[in-house]
Amino acid sequence: MVTKGSSLQVFSRPLGARRVVAPVIFALAFFIVWEVWLRFLPMSRAVIAPPSAIYTTIVNAFPILMKHTLSTLVEIMIGFMSASAVGIALGAAITLSTSIRQAFYPNIVGFQLIPKVAVAPLFVVWLGVGSPSRLAFSVFMAFFPIAVATATGLANTKGDAVRLCRSLTATNWQTFTSVRLPFAIPFVFAGLKVGLTMAMIGIIVGEFITGQEGLGYVIMFASSAGESAPLYAALLILATMGLGLYSCLLLVEVAVQRWYGAPFSSEGFA
Amino acid sequence: MRGRPQLSRTVGLPIATAVMLCVLWQIIVTANGIPEYILPAPFDVGRTLLASLPNLLAHASISGTEAVAAFLLATLLGFVAAAVLTYSPLLRDIFYPAIVGFQLIPKVALAPLFIVWLGTESASRITFATFLSFFPVLISTLTGLQNADPTAVRLCRSLTASDWQTLVSVRIPFSLPYFLSATKVAATLAVTGIVVAEFITANAGLGFLILSSGPRMETLTIFAAIFMLCIVGLSLYGTVALLERAGRRWFTGA
Amino acid sequence: MTSGVPSDPDAAFVRVNDVAKIYDTGKMTIEAIAKADFEVAKGQFVAVLGPSGCGKSTLLMMCAGLESITTGTIMIAGQPMRGPRTSVGVMFQDSMLLPWKNVLENVLFPIRILRRPRSEYIDRAHALIELVGLTGFEDKRPHELSGGMRQRVAICRALIYDPDILLMDEPFSALDAITRDEMNDALLDIWQRYTKTALFVTHSIREAVLLADRVLVMTNRPSTIIEDVTIPFVRPRTNEISETPEFMQICSYLRSLIEQGHGRGRQNPGTRATVRKSRVVQGTGR
């Protein structure tokens, strides 16, 4: 499922003014209609709140929101970093020999297909309702795509590159470090992008079911308390966090691409 | 150029590894006397599975039907939406940034929102799972439709075909591989969505069963339910994968 | 003029003896090479010419020790080729430069792998880079170079560790016609300086005649070598010889051989009609 393919385009015409202006106008219109509608046709505060109320909530409850935001953010980052380390190491270990790869790779890919979220309560049974269970679950969710992507990248080194090393009588280790590992980097990044999303899902679902702290907890608390404004506020912060973290990863990718010297347009998973 | 590896190796080896790991699991549990509420032995899980089969199947059918419903809705809506966006460049300009943005945020976080809007019945769970699986289908199909072989598109234009005709006769067939590979992702996400929704609010279904067994330390039930869920998930995925292969064979004529 | 086969068997640097290659993919067996039998003397530049898919690259890979030999033996410098050797250099169709290294580092890549002291080879690296006309490009990355420039770097890389023989697998096939001509000229120049034994696989008749001392013509699968044609042009050569009538004559002769080989390959080699082992083409030469 991982493809390091050419970049496909959704837009055939070059960037025109309409491509930038249209969505902006639509977004503005959306928010305006949202605000105005609720002023004239008020709906239950438990279900929906106008943007103005959401804004007020954020401003008033800022310290508390930030405390929970920080908790979620820190957990996501720790989870993602750990998952990357474990995933890359495992992915590399699998490709050590063809037999090991044939034995384990299908199993790991198979693990990808099962609904891993279902295992979350198991981590709570094992590790309690605190950070450790959420972190462990997040690592569990995220390390699979990273391991699969790393293994795929390492196993698919260009034939001529390997042949070049062999013709120079390079050792397996030399071939691995000079050629296999660097050529696998684009694949690894495709896996990291999926892994980041998985790490976030892990922490958020973990917060849903442990209900202690974090933005997930805020969401659950707000929905059961019948106050939707904090719920939307938390969602907004989460969305921003998601975009922010993903952008950071993209920046890292761009920096690595510059060192790598060749563009890699990894589409990632379908 | 090495010969194609024998089937016994590519299929037998991973299966043997999985079996060996289960055996290892059993040995570790019995040798160390690990209590059942922490890590049950595979044997006991199997026993519970058989003993509670009717109960498990009842829960499984609830989760399963909801997941299948969500999957079907997601694939249908995703395909239609992609076709609409291809047909209308204006709508595409308006909505595409939002679509991409939605892909980058953790959509599971929206589960409670769906509950708040649509209540605690299966309708809200199905809607949420559909929402989750709809995006990969939309984006993949849209990419496929937009990137139909440019030569074929030019051929249509030289025959003065309308946009609609081009869509139907060239773009849609070319987009099928993209669409079909996205349906596999949608299958996995549909099940995930149902499970997460059941975590939050449900009184039946495998997700509910897993979550409610947690505080009661009924780890055996959790494992049995997870196994059942794997079967449900893999069945759906497997069916979709087979359909995808058939579709691909039709497309490439191979 | 003598035939292409060295008269003294001990002088043969490369000896390919009765070699066949059969692939077994489990589903079917493919006889890629039915019989390859030839020798190359030290310092000779031999081209292997044939249509695509005839197995000439496979033959080269077997000579490089990168592909197993089904039957027969390949000896280089008196030793059978059972695996790759550092005295045997290989150049591929894809220049295969490492994109994260600059030109100088790419040229020195074999030195790193072979764990030889870098300081001893830096001057040689710079000399080679100058020879191929890329002075000033040492710190450029491959993606900043054109296809022809990349292959020039690949040539430097192949020569830096001074192998006794250079095996080249259609190194210029991926280049456009103009660049290809430039590369042929460059290779002729380099050959003046670093005369080495060379085995050069190509499907371009013109290239083979321009560069080589001998041309081995291969048929389709299951392939054999139907002719061993000596090219009479004296070195140093320039590309002007490609305008001469002798050159055209040899080219059209080779073309007819290849066309023969198209149908010939499908027959059982044993039932083939007479084959002339090495035919001499008379030319006035320059």
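As written, the chains take the letters A, B and C, and residue 1 is the first residue of each chain.
Keep in mind that, in the parts below, a contact is a pair of C-beta atoms (placed from the backbone, for glycine too) under 8 Å apart; a residue touches a chain by one contact, two chains touch by 3 or more.
Remember, it's a predicted structure, so these values are computed and weren't measured experimentally.
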From chain B, the most remote chain by mean C-alpha position: C
Higher-contact pair (C-beta pairs counted), A-B versus A-C: A-B
Centroid spacing, where centroids are CA-atom means, of chain B and chain C in whole angstrom: 52
Centre distance in Å when chain A and chain B are each reduced to the mean of their C-alpha atoms: 17
Between chain C and chain A, distance of the C-alpha-averaged centres to the nearest whole Å: 49
Per-residue overlap in chain B, given as positions that touch at least 2 other chains: none
Complex contact set, residues of chain A against chain B: 1, 8-13, 18-19, 22-23, 26-27, 46-48, 99, 102-107, 110, 112-122, 124-126, 197, 200-201, 204-205, 208-209, 215-216, 219-220, 223, 228, 231, 234-235, 238-239, 242-243, 246, 269-270
Residues on chain C engaged by chain A in the complex (per definition of touch): 61, 64-66, 83-86, 88-90, 92-94, 96, 98-101, 109-110, 112-114, 141-143, 161
Residues of chain B that touch chain A when the two form their complex: 5, 9-10, 13-14, 16-18, 37-38, 89-90, 92-98, 101, 104-106, 108-113, 115-117, 136, 140, 142-143, 146-147, 178, 181-182, 184-185, 188, 191-192, 195-196, 199-200, 206-207, 210-211, 213-214, 217, 219, 222-223, 225-226, 229-230, 233-234, 237
Chain C-facing residues of chain A, complex: 158, 160-161, 163-170, 174, 178-179, 182, 259-263
